Structures are given as C-alpha cells and as structure tokens.
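Taking it in order: structure first as structure tokens, then the write-up.
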Amino acid sequence: MRPSGRQPDQTRAITLTRQYTKHAEGSVLVEFGDTKVICTASVENGVPRFLKGQGKGWITAEYGMLPRSTGSRMGREAARGKQGGRTVEIQRLIGRSLRAAVDMEALGEHTIVIDCDVIQADGGTRTAAITGGCLALADALETLVQNKRLARSPLKQWVAAVSVGVYQGTPVLDLDYDEDSQAETDMNVVMTDKGGFIELQGTAEAAPFDQAELNEMLTLAKHGLEQLFALQKAALEG
Amino acid sequence: MRPSGRQPDQTRAITLTRQYTKHAEGSVLVEFGDTKVICTASVENGVPRFLKGQGKGWITAEYGMLPRSTGSRMGREAARGKQGGRTVEIQRLIGRSLRAAVDMEALGEHTIVIDCDVIQADGGTRTAAITGGCLALADALETLVQNKRLARSPLKQWVAAVSVGVYQGTPVLDLDYDEDSQAETDMNVVMTDKGGFIELQGTAEAAPFDQAELNEMLTLAKHGLEQLFALQKAALEG
Amino acid sequence: MRPSGRQPDQTRAITLTRQYTKHAEGSVLVEFGDTKVICTASVENGVPRFLKGQGKGWITAEYGMLPRSTGSRMGREAARGKQGGRTVEIQRLIGRSLRAAVDMEALGEHTIVIDCDVIQADGGTRTAAITGGCLALADALETLVQNKRLARSPLKQWVAAVSVGVYQGTPVLDLDYDEDSQAETDMNVVMTDKGGFIELQGTAEAAPFDQAELNEMLTLAKHGLEQLFALQKAALEG
Amino acid sequence: MRPSGRQPDQTRAITLTRQYTKHAEGSVLVEFGDTKVICTASVENGVPRFLKGQGKGWITAEYGMLPRSTGSRMGREAARGKQGGRTVEIQRLIGRSLRAAVDMEALGEHTIVIDCDVIQADGGTRTAAITGGCLALADALETLVQNKRLARSPLKQWVAAVSVGVYQGTPVLDLDYDEDSQAETDMNVVMTDKGGFIELQGTAEAAPFDQAELNEMLTLAKHGLEQLFALQKAALEG
Amino acid sequence: MRPSGRQPDQTRAITLTRQYTKHAEGSVLVEFGDTKVICTASVENGVPRFLKGQGKGWITAEYGMLPRSTGSRMGREAARGKQGGRTVEIQRLIGRSLRAAVDMEALGEHTIVIDCDVIQADGGTRTAAITGGCLALADALETLVQNKRLARSPLKQWVAAVSVGVYQGTPVLDLDYDEDSQAETDMNVVMTDKGGFIELQGTAEAAPFDQAELNEMLTLAKHGLEQLFALQKAALEG
Amino acid sequence: MRPSGRQPDQTRAITLTRQYTKHAEGSVLVEFGDTKVICTASVENGVPRFLKGQGKGWITAEYGMLPRSTGSRMGREAARGKQGGRTVEIQRLIGRSLRAAVDMEALGEHTIVIDCDVIQADGGTRTAAITGGCLALADALETLVQNKRLARSPLKQWVAAVSVGVYQGTPVLDLDYDEDSQAETDMNVVMTDKGGFIELQGTAEAAPFDQAELNEMLTLAKHGLEQLFALQKAALEG
C-alpha cells in the first residue's frame, strides 16, 4: 500500500499553469501533487562561445530550491557561494533533456535559458521541472514566432519526465517524498511523445534491481508519460 | 500624473496570503501590485555563536530574486558564486527591521530565519519583503506557542515598510518600477504600528531633496503604513 | 554627558590632509578624532560596460578596514575570500554619495575609483570616508584639468557626511565608538554644500525614534556639515 | 565498422595494476585501452557528521582529470576555484556505485575516500574509475583486516561498470573517445557480480533510443561486465 | 649610477615609528624611502589546530597592498575574492622569517598575527615588512610581559631583511622601484642580528648570476642589515 | 648517516621518461627516487593580455598533488575551491625557472603551459618538477619545429633544480622526505647548464645557517646539477 493511498500505476494530481509570472517569454507553474516548481524560459540573443558562428541555437537550464521549500531549511546556495552537487547534477539533466525537444538549426543563434525554481518540494522535483520546463520552452518558441524572429516554432517533439521506483518490493509510478526516501530503487525516465528514450537514470538505493523490475518500471513510466504529454499539449492549446 | 493612474497618496493593491507553502512555520505570499514575494519564517534551535549563553533569540533574513523575476534575466547568484551588493544591502535591512518587532529575551535561544524570495518584481520588493516577512514571523511565533515551546508570542509590535519618492517633482507613495526607475528621490520607511521609526533610507537619485520634500514624503509614508498594519493584523486574525 | 566630554552639537577634531600618498591623482588622510581613513581617487580611462558610448563618466567606491584598525583583530576580507555585508553596504553608500558631486557629462568617459581604507577606527568611518573621499575626488578632477584632459573641473557641488544619533535620550552629533555602540538611534546624513539631502540612513538600534528626534538630529547634522564643507574648501585652496 | 576495428561486443584491452603508488591503503592503475586512471583508497577514522554515532561507515569518491589528460588542455579546476558540473556528476556516480559494494555496518565508523585521477583520457573514464576504484577499495578493506581493525573484509559484492552505446546504428560495447564523441546514445551500466543493477545512466545524444536498442545494450553490458569481474577477482588474488 | 643617486652600498632613509595606531599590541610604520608599510602585531589566545596541546606558540603573517599604493591602481583582493600568488608568497616569507625570532616554547599557547599593509610602494615592501614586523612583534611580546601573561619576552633574536640586486652590472643594496623593475637579479636576504641566514631568495630576472655576484650581494646585504638591527634596537629602547 | 644510507653528495636514482602520456606536446615522468611527477607541456596560440602585440612568447606553470600522493590524504584543492599557499609558491617558482630556458622573442606569440602533477611524493617535488618540466618544454619546442611553426627550437639553455640542506649538522644533496622533514636548513638551487644561478631559495627551518654552510651547500648543488643536465640531454637525444 502506498502512503498516499494511490494505485501503483497512478500519478499524483498534475497541473500546468501557463503565464504564471509576467516577464518571461515562457512561464509555467508545474505541480506534481505538493511538488511545485516555477519554470521560466528566457530568450537571449546569441549563443555560448563554443557554438558561435555555426548558425545553431542553444538551450540550457538552471535549477534551484527556495531554502524552505523542504521540511527543514536548507542553506541558501547563493549565500554559501556555490551550487551543491545535487543541484548541478539536476540542472545538467534538465538541460540535456530539453535540448532534445528542439531543432537547433531552426532555432538559429538564440539561447533559451530554462530556470526551474522549486517553491515547495515533495519528491520528483526534477521530473516536474523537465515536464513544466518543456511547456515554458514551447511558449518561448511561440513568442519568437509571434515576434517574427522565427517563421515557425522549432519544437520538434515534446519531452516529459516521470519517476518510477521499487517501493516495498512493488514497482510504483511518480514517487512522492515519503516513498522516495524509502524506495529500494529510484529511476527517472525522460521520453519524447514519439516514444523514444532521452534519458534513463536508475539508482539502486537499498538493493540492486533486476531486469524484470527494470521492465516493469519502464512500463509504468510509459503509462505515466502518456498523461503528461496530453497535459502539455492541452495546456499549450488551452 | 503617475504612470499607473494612481493618486499620489495611493498604494497599489496589497494582499497578504498566509500558509502559502506547507513546510515553513510561517509562509506568506505578499503582493504589492505586480511585485510578488514569498516570505517564509523558519525556526531553528540555538543562536549564532556571538549570542550563545545569553538566553536571547535572534532573527536574520535572506533575500533573493528568481533569475527571471525581472524584465530581463539576471544571472543566478548561486551560479555566480556570490550574492550581489544590492542583495546583501537589502537582506541586512530586512533583518534589522524585523528584529525590532520581537522581544529577544522572551524568544529565548531560538533563531528565526526569514527568507524573502521575489518571484515577480515591479518595484518595492524590499518594502514588500519587510511587510510580508513580519507576518510570516508572527505566524512562526504563534507556532512556537502552539507547540508549547513558548508561553506567549514575543511579538512586541508590528513592523511594516513602504517606499515614497519624488516623481516628476511630486511626492508619491509606493512607487512601482516605472516610477522608481525615474524618480528623483527614493526613500524606504520602516515603522512600527506604534508610530516609531525603525529605518529611514532616503537616496537622491537625480537631484538632492530638501526638508520640505522630506516632510511630505514622511507624511505619505505614515499614511500608507497605516493600511499595511491593518492588513497585517487582519491577516493574522483571518 | 558624552563619554568624550563633548557638547551634544560638537564634532570631534577633524582634519583633512591632502597628498598623503604619492601615486594617486587624489590622496587624502581624513581624521575624525581617532578615526583615520586614507581616501585615494584613481582616474581610469573608460567606463563600465553599461555606460559605454554614452559620453558620460562614472564614479565608484571601495571600502576596507585594516585587520587591526579595530579593538580586536578582524579577519582579512582578502584572506576570507569575500567582502562582508557591512563593507558592501558602506562602499555602495560612498559611491552613490560621491556620484552626486560630479557632472557626469562634463567628466566624459573617465572612471574615478575612490578607495577608502580605514587605518584606525573609532566610530564614523563611513562619514569620514565620504567627507575625505570628496576632497580626494576634487583633487583628482583638478589633476585632469592640469593634464589638459578636461577644460574645467566637473565638480558641481561638495558632498560631506556626518553621523548623528540619540545617546542616552539626547540627540548628539558625530558619534565616536563609545557612543555608537550604545546609541538608541544612529543616523548618517549626507548633504551637499547647497543644502540638499543626498542620503539619509537612520537606524533604530535599541528603540524606535520619533519625528521630534528626527528633526533634532537633522538640525545637528546640518550644523556639523557646515564645518565639514568649510574644511573641504579650505583644504582644496590650502 | 568501429574506428578501432573492434567487434561490437569486444572491450578494449583492460588491465588493473595494484600497488601503483606506495602511500595509499589501496592504489590501482586501471587502463581501458588508452584511458588510464589512478584510483586510490584512503582510510580515515570517523564518519561525516550526518552519520555520527550510528556505528556505520561511509564511502565517498572524488574525481579529477590532469589538465592535459585530454587532446586539448583543460583549465585546472583547482586554479579556477571550482569543480565543473561534469566532475561533480561523475564523482557522485562513483561514490553511489561503490557504496553498494560494502556492508556499512560491518565497516564500522571508518570513511574510505576513493580518489580517481585520470592521467590519460580516451573515453570511458567513469566506468574505468568505478571498476578500478572497487579494486582499490577491496585492497583498503584487506588492509584494515591485516591491521586488526576489522575481523573480516566487509566487501559484500564486486561492483564494476562499462559503457555501451549506439554507434552508427549499431549497439557497441566499451566506447572509446572516437565513438563516444559521435555516438547516438551513450549508457553507463553499473552492476554487481551477482547480476543486479546498481546504476543505469543512458543519454540520447543525437537521437532517442527505443526499447529494442536498450535491451541490446544491456545484453552487451552484461557480457562486458563478466570480464571485468573476472579481472577484479584475479587481480585481488594475484 | 643609481637612479636615486645613491652609492651601491647605501640604503634609502629608513625609519621605524612605534605606536603608529592605537589598538594593536604592536604597531609600527616602517619606511624604506618612499615605501611605507603599517605593521601591526595582534595577540590572540590559543594556537592553530595542528599545534594544540603542545604548549607552544605560533606566529603568522598577512600581507596586503592598498589598491592605490602603486603607480597604477591594482584591483582590491577582497573584491576579487582571492589573494594573488605574489601576496601569498610574500606573507609566507614574512611568517617564516618572524617565527625565527621567537622561542615558541617560552611564548606558550598564544598566536601572534603580523599584518603588513603597504600604504605606499616603491620597491622592497617585503623586506620593509619583515624589518618593521619584527619590531611590532617585539612590542607585542613586551605587552604580554607588562600584562603579566609572560614572565619575560620570548624574543630570542632580531630578524631583519634587505634586498640586494645586480643593476646595470653592479651589485647594489636596497633597490627602489626604478631599480627593481630593471634589475638583472633581485635577492632578498633575511638574517638574524647574530649573523645567521634565515631566508635567501635570489631570482635572476634578466640574466643568470654567478658565484662572484652572489658573494658581492651577500656582503652588501650584511652591511645593510647591520644598520637595520641598530634601528630596531634603538626604536625599542626609544 | 643519512636515513637512506646515501653519501652526502649522492642523489637518489633519477629517471626521466619521455612521451609518458600521449596527448601533450611534451610529456615526461620524472622520478627522484620515490618522488614521481608527471610534467606535460601544452602549446597554446597567443599570449596573456599583458604581452599582446609584442611578438614575444610566454611560459607558465601549474603544480598540483594527487590527494593521496602523500602519507596521509590531503584535501583536493579543486574541491576546497582554492589552491593552497604552498602550491602557489611552487608553481610561481617553476614558471620563473623555466622562462629562463627560452628565448621569448624566438618563441613568438605562443604560450607554453607546464603542468606538474605529483603522483607520489617523497621530498623534492619542486626540484623534480623543474628538471622534468624543462625536458617536457624542450620536447614541446621540438614539436613546434617539426610542425613548421618555428624554424628552430628557441631553447637557449637547460634549466634544472636540486635541493640541498643541512641534516644533523651535515650538508647533504637531494633530500628525501625523511631528511627534509627534519633538516635544519633546506635550499632549492635552480641553475642553467652554463653555470648561472636562476633561483636560490634557502630557508632555515630549525637553526640559522652561516656562510660556510651556504658555500658547502652550493658546491653540493652544482655537483648534483651536473648529473641532471647530463640526464636531460641524454633523454632528449634518446
């Protein structure tokens, strides 16, 4: 039995709210249950030095948690003077995942920065950030079209992410904090709406997992991701 | 004429939303028009080293802006590895202001950290942070009473803040970004609900100001602060 | 009774020594009693990026204390790898204050850096730094005239600063360390020699202050500042 | 056809040299073809603060590359003042992987630090580091037994890692730099010698991968890991 | 011919002013011609961790230059967030040199920090700092005797330093900036008043130097150091 | 009697292995007994800003130690976020020493970075680094000739270094760790193969040294350096 009473293949209530703040080209509040992340997409002219002159665009991501987004207060990274290892790991994952959504040649020499800031954490912040970040990205690309800077949106596919894991011996979908902190295995699955894998990151926290568990988790993930892609598309049209 | 069409002595629409996030002992979303700041108050046992063993409490504040809370994206301070001078200046002001609200002996050896994170900026973030931070602080103190860690709340007075300035020759109350960026003078006034000044920070941006302008600005500030104290008290009782 | 035996409206002995060191375009030792600050003004070609191409100049300030300028040794900021919050706050105040003294268009694309280094501290280092820094700045501007880089000095007014406060219930002028560390209220007043306010920073340390105390403090400050302007002008002519 | 002429299921020449340097409790030079990593295991008394008093041990890893271990010189992280994101990501992976090899209760309050320093890079440094690091760890645990600090080695299983990927449409084992820099997909597989997965990190670099490719890659990985476990065991006995 | 018109074996005018600032246990302004350094000695209870419990004292030094102590302004190290390599090198030299002056067992578990801050630079700042720092140290040790914390001063010998070099083919004593910046060789010689070498740091800037030049330079250094020891002793008695 | 059983004028076994790693233009493993340092020389186009447009080249060095190159593990400098003072001091010494080997005009606007990374330490790492670094540098210069970027190698002389010291009252050559940690005096001597001194850094660790000891140490150093120059030349020709 899951602490939340959910079925093994049941996600939390998931919402995507567009235009959550007013300045960014794309701004989304994504909620996976009590996990709440503000994702903004900011368009900048030009690209990093290693890409200059190639006619291609770039997408990068930054991630942060408000100090009291968690049960006990974490030190503020800006005050400590450096981003922690977990933060760095997560923002690199978000960036790689979202780059897969876009045709970089069609984007041209623009950089889009996706900022994912967790205002309340309850497990699964990185998967929420990827899912909401892709919608903010789509919005920012539409803005470029509306501003006549691009002829059409270079979004080539939707990207979303969900976590799966093995909790008390049972594979489950979309772990919340109570499950995540005790799970034997935790895996983040990032896919495209066309069915391809973008990232697969599975970690055996307490016990190794085997091929059968891996297969069951992947099946659950695909099931959950179908819902997420539907929500993204509905939100953009909404 | 003010860009917003407001009267010189008129504040923006101001709201204080309690229990905005679920983990902190006090959590308030404060809105001064389009300026939106999440203020959380976190209670920690013990005090900083310089206060140890004196039986007194401590209150400190930290301030941050989400990178895209502003019109153009600012670099993330955690990524740059240091807090900027403006951030440091503001968080010191918030901390000093809120310490005036509390009887430190009655608080005992607890530290309360007020985190003020701007999710959308449109001028006046520091005054919003002080005003919302004091309500989050009051909530956290109530929590200590409910948890039997204190017999009664050591809040001795309310503290709130508002900006005033001289815009196109006219003293005005509660400047938004359009006014703030062009004002001749900008002053932040922090007071108690008993009528005392806690902090006064006036800066001549374009032209020096004189005693008559100072007096007019202080009158406007007192007028605006009366509304803020009423909102704080109503919110706590609400 | 003040610890120093001074009258409430009496400043400490104040001296301004020009050409204190030999390399800088302006170099002043300013002494407010036992508070001693070396202020140098360094002229650099060009301006910061945000001003480039506008034909205007820039003035900025940096502040530091020698580790043993104080009663007990403070850690060296260069060794700790960052400037403390108080340092940042003070150097921003000095910079804003001194920018008010100069016609930036007339200065043209030069940057003047004012370095204020405290070699002995006894209260009031920031007001001494502003007062001495303005003289160093005036000297540096004269140097630009003598070197034919400017036709005439772009100094448009003198800027000086003094502290006032409420000590044991009485408003007093130019607090030394003994008073400052126990004052109920501490206010720094920065004005021009034409009578305008540039900065007003009042802080209630122990108890809020009221309008009457504010008025009295401002009267004291204006009295003290008259002396400072006379000293600055005499020094430049001397 | 692979650039090296290897078969799809063929690893590079792999060697593990024990006692490569003289000071560390475990010291291994691991070579996967031209990739060469020095792995040392250092035993320290005590554990990090979050584990104190629980009677359990801790294993952590650090990773670095000599500046000219690569084709063009990289800036030295110590000189730049921070570890890059890739470094942080890799050392966290190594640490998590190697913690799975040891019974922490049996280790008791010791910390073992695994340092993995790349002296020559040609792809696959993280998988080489895990594979060689586990042997250094095993050696350090033996040292604790020989020194009578533990009754028997708390190594509960061997952990090794290998990369697999899709190169020009074909799943291949143990990618070198020429393949890695052009692969469509790159996956690092960490397993135990008992057949369980510890970590799975797959990234679609150029094109998403599908379930069939995933399955093929996992089969290749298991094949390669069998060789690695045999080498580890032979080395320890050797 | 030397730029200053001095003879090859002639030092600049050298003065040592005690009690230059009021807070430190020892405070000396040392002037080697236009080079001016404030040296303070601060006594702290206790010793660094690596010495705890051994009953011995410790002496360490820190060095800094005011940003405009030099011909063109240098960036402030506190603002850049790190001490430069030259600074680190110099303060380590000062610390090692002054530790040779004191009987650490007799000092007991006290730490003395020597801060050497250059307010005006004209070559030879490190030798001035050692020479003035030793006098500040002697003063601080006397303070410990006067305060009954030590029975007698643990100063076991005087330490002083002077530079020598080869300028236009001729060995010269106590180089000023004009010479130093063009010298073929520059050597700093630190000795005790009993005739022993403490540190010898010779650098061939433009051309290697030979044994004969080395011998000549050492003879000049000994000659100059005799004067410095006489000045130190006279100052302490003065 | 020396701990190693060596004669006072006897060096350890010294080897220089060229082409130790494959990517760098010059790559040397230098061994002074159990001290092992990898020295690589990397050629970069262009020069630092202060040299731009002068047609001259530049040589600089960086130094590091693997965390467990020593008897007890040292913290990794990259993880601590700064290079220690000893590291900075050593890499500046190496850089100055190796610049003496090359005709900078003939090198033209190239920068050569010498990385010296200690993989096993047993005393004398800086002298090994200079000696091995000069061979790596020579190799890199040859590469520039082979690649037709220079007509002939701008190496104008060989530079090598050795340590000497006073151990239990006797001057000895090439101290290992056991001697170094107990020596009364430790001196590093850097010379050219033409007999000139480049750097002389002598430090009295326990007791001052006198002129006679200095002379004896220099004689030993010259004796040792003859061997080193022979080894360098043989290696390059080998």
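Going by the order they are written in, the chains are A, B, C, D, E and F; count residues from 1 in each one.
Here, contacts are C-beta pairs under 8 Å (C-beta built on N, C-alpha and C of every residue); 3 or more make two chains touch, one makes a residue touch a chain.
Which chain is which protein? Per UniProt: A, B, C, D, E, F = Ribonuclease PH.
Here the structure is a predicted model, which is why all the values come from computation and not from measurement.
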{"item": "Shared interface partners, meaning chains that touch chain A (Ribonuclease PH) and chain F (Ribonuclease PH)", "value": "D"}
{"item": "Centre-of-Cα separation between chain F (Ribonuclease PH) and chain D (Ribonuclease PH), whole angstrom", "value": "33"}
{"item": "Inter-centroid spacing, chain F (Ribonuclease PH) versus chain B (Ribonuclease PH) (mean Cα positions, whole Å)", "value": "59"}
{"item": "Mean-CA-position distance for chain F (Ribonuclease PH) and chain E (Ribonuclease PH) (Å)", "value": "28"}
{"item": "Interface hub residues of chain D (Ribonuclease PH), defined as touching at least two other chains", "value": "81-82"}
{"item": "Chain contact topology (line, ring, star, complete or other)", "value": "ring"}
{"item": "Neighbour-by-neighbour ring order, given that chain A (Ribonuclease PH) leads and chain B (Ribonuclease PH) comes next", "value": "A, B, C, E, F, D"}
{"item": "Touching residues (chain side chain D (Ribonuclease PH), partner chain F (Ribonuclease PH)) in the complex", "value": "21-24, 27, 34, 36, 38, 40, 42, 44, 62, 64, 66-73, 76-79, 81-83, 87, 113, 115, 117, 119-121"}
{"item": "Residues of chain A (Ribonuclease PH) defined as touching chain D (Ribonuclease PH) within the complex", "value": "82, 85-86, 88-89, 91-92, 96, 100, 187, 191-192, 194-204, 207-211, 214, 218"}
